[in-house]
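Going by the order they are written in, the chains are A, B and C; count residues from 1 in each one.
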Amino acid sequence: MFDFIVDHYNYWTYIGLMIIGFYAMMTKRNLIKKIIGMNIFQSAIIFFFISSSVKKGVTVPILEHAHGHAAHGLEHVTHAVDAMQYANPLPHVLMLTAIVVMVATLGVALAVAIMIYRKYHTLEEDEIIMAIKRD
Amino acid sequence: MIEQIPILIVVIPLLSSFLCPLIGLWRKEGCYFWAVFSLSLHCLASVNTLVTVIESGTINYYVGNWSPPWGIEVVVDHLSAYTVVIVSFMSLFAAIYAKRTVEQELPGKIVHFYTVFLLLVTGLSGIVVTGDVFNLYVFLEISALACYALIAVGEDRAPVASFRYVVMGTIGACFYLLGVGYLYIVTGSLNMGDLSTLLPELYANRVVQTAFVFMLIGSGIKIALFPLHTWQPDAYTYAPSAVSVIISTAMAKTSIYALIRIIFSVFTLDFIIGFAPIFDIICWISAIAMIFGSIYAITQSNLKRMLAYSSIANVGYIMLGVGLSTSTTLGLTPVLMHILNHAVMKGCMFMVACAFIYKAGLRDIKDFVGLGRKMPYASFAFILAALAMIGMPPSVGFITKWYLILAALDAGKYIFVGVIFFSTLLMIVYFWRVIEIMYIRVEEGEGSEIRVDEMPMSMLTPALILAVLCFVIGIVWLSGAPSPILDAVNSGFGLGVLP
Amino acid sequence: MKTLSIIIQVLLGAALIYGTLDMPKWGDPHSPAASHVSPYYLQHSIEHTATPNVVTSVLADYRGYDTLGETTVIFTAGMACILLLKRRDKSQGKRHV
């Protein structure tokens, strides 16, 4: 039981972050705080993916002793690549895309918040609802 | 060139959206014609794909010539081809319709409106043709970002409605991405075909079960299934006119397509039957959606808001079809029918409702007095679509309700037959109210002559075409011509035989 | 609203912890994620793409379609921000809401 908790501690980290972010998105009344909560929530998912690419004691997924072979146009490398020595590259790739998507969503959400501010001159949700009801 | 058509479905709107700002620099009004031109090419490509798929079966296109699971694959089977035809034709009609309304509602933003509109069509097409779960997330986000922006430039409280949609849509997409991550961590693959072969031995794995629940909730937020629907009424009501048309038809149907693809292609039928009574829960939730959607629609006085709540009820119909699909020999037939039927009916009604706003500035139903004579063709189109929704034979609405009742009887769940009848009754109440005010009531002190002030041709033509299609497509369904598509989809998913 | 949100957080936490029970150990080199598709990229990256940086070769070559989608996302966000934030020209008169 204790081993289980210690072996999986990366998962508890991301679960905690996700719940913090989701709570902020649902409960906070200020629009900017909701956007920050959204950012925390998405970052937690990115942590989860990245943590799945780790292997104990390996190096980054950049192949060593590889420069120069390709320049000579050799079809096959003289020494085989041991996949166990390198970290898993695929989650890094997926998360590069996901980070870009996260930033783009953040940008559009902030642009919508600017539009709301120009119209109602406040960023608190209760005041916006009252302003809508008055119209 | 012909064998590249599956990827051209995504590339044509993408390239056109890149060129749209350049055309806007040259001449602002040219953007409309450019958008219509590129969407017509898109329709041609999608019809070609549908014909190819019917003749020779599923198309597997490897992007960059890397075979899956190491590369990304574009898979077009019967369901994808059918959905992409619906998406492309609905976006073409919405683009044709958009000319006058965009000029009136968004005068300084025409160029960027059409650019983001074409990007929305790119995202929707990318969702429908892809065969990779992470790629589906990327295109889901493209279409979602375009949609947030297009809704937020509407009228009145559109930015607030769009902000709510931003928050809820991001939660949905993130839950979907979490599901993808869970599937990846126990299988190591992202390709849909590969996952469907790797998952069967992992059905008891708790990670797979949690992944299924998360993906279901994520997709449920995007399709606005009952408890998660709160963003939809405001978003549909305050969006600009052309945007209301396209999101109520193309975007909603694409999200349903994604849900069906995840449930039936990635997690195949055996998982669902063995896991939990998920489909029973879906049936009950959709029954509640059908009734509450219609009850809320009756209480609305704004026409667009009423149509938005009616959309929630119709999503209930589609999900009831999904829930019943494993217990009946009809399989997914009612679902596929209602995807097309609802797109045609709701598209026509939103076009007419927005035309009332464009021409006369009337939003409330009680102000529609005498509109039947003032805008005869528009009201005629609305009446045809309303009769189709209610279910008068041989319209498309009647076909859907008929097949849903057959499916419920076949599955032995008679209570859902009662629910379908009850919600039809409620639909008759709220549509009859509109028709009565438009045609039958007469204004006080009105003379015998009424000036006919019809809506412009560019807006009227798509609305009339859709209204007539409501009945023509009904006859096509009755004649049984599309049954190769329906049979291929049902047999591809292993449905249509009782367990 | 607060009680509803607390209930949803608890349910979410429970679902997430339930999902963690069967996950592979952190850093396990024999986990399915590390042994199904990824070794192919590491072994064939030089031969297919002449790039020692495997992340680059996967991003730009094997899964280049995702990168196309990603650049489209940036373009969409840029166009969306212009569409949202562009102010009306004074010469076009007052906007009627």
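To be clear about the criterion, a contact is a pair of C-beta atoms (placed from the backbone, for glycine too) under 8 Å apart; a residue touches a chain by one contact, two chains touch by 3 or more.
Small disclaimer: the values here were computed from a predicted structure and weren't measured.
In terms of Cα centroid distance from the overall Cα mean, chain B ranks first. Compared on C-beta pairs in contact, A-C and A-B come out with A-C as the pair having more. Mean C-alpha positions place chain B and chain C at a centre distance of 25 Å. Note: centroid distance chain A to chain C, computed from Cα atoms, is 7 Å.
Chain A and chain B have centres, each the mean of its CA atoms, that are 30 Å apart. Shared interface positions of chain B, i.e. residues touching 2 or more other chains, are given as 134, 138, 141, 145, 148-149, 152, 156, 184-185, 190. Contact of a single residue of chain A with at least two other chains is seen at positions 22, 52, 91, 94, 97, 101, 104-105, 108, 111-112, 115. For chain C, the set of residues touching two or more other chains reads 16, 20, 23, 31, 33-34, 37-38, 41, 63, 66, 69-70, 73, 76-77, 80-81, 84.
Note for the complex: chain B touches chain C at residues 14, 17-18, 21, 63-64, 66, 69-72, 107-109, 112-113, 115-116, 119, 122-123, 126, 134-135, 138-139, 141-142, 145-146, 148-150, 152-153, 155-156, 182, 184-190, 198, 205-207, 209-211, 213-214. Of all the residues in chain C, the ones that touch chain B in their complex are 15-16, 18-24, 31-38, 40-41, 61-66, 69-70, 72-73, 75-77, 79-84, 86, 88-89, 92, 97. Interface of chain A with chain C (complex): residues 7-12, 15, 18-19, 22-23, 26-27, 51-56, 58, 61-64, 66-67, 69-71, 75-77, 80-81, 83-84, 86, 88-94, 96-97, 100-101, 103-105, 107-108, 111-112, 114-115.
Residues 1-2, 5, 8-9, 12-13, 16-17, 20, 23, 25-29, 31, 33-34, 37-39, 41-43, 45-47, 50-55, 58-59, 63, 66-67, 69-70, 73-74, 76-77, 80-81, 84-85 of chain C touch chain A in their complex.
Across the interface of their complex, chain A is touched by residues 134, 137-138, 141, 145, 148-149, 152, 156-157, 159-160, 162-163, 166-167, 170-171, 174, 177-178, 181, 184-185, 190 of chain B.
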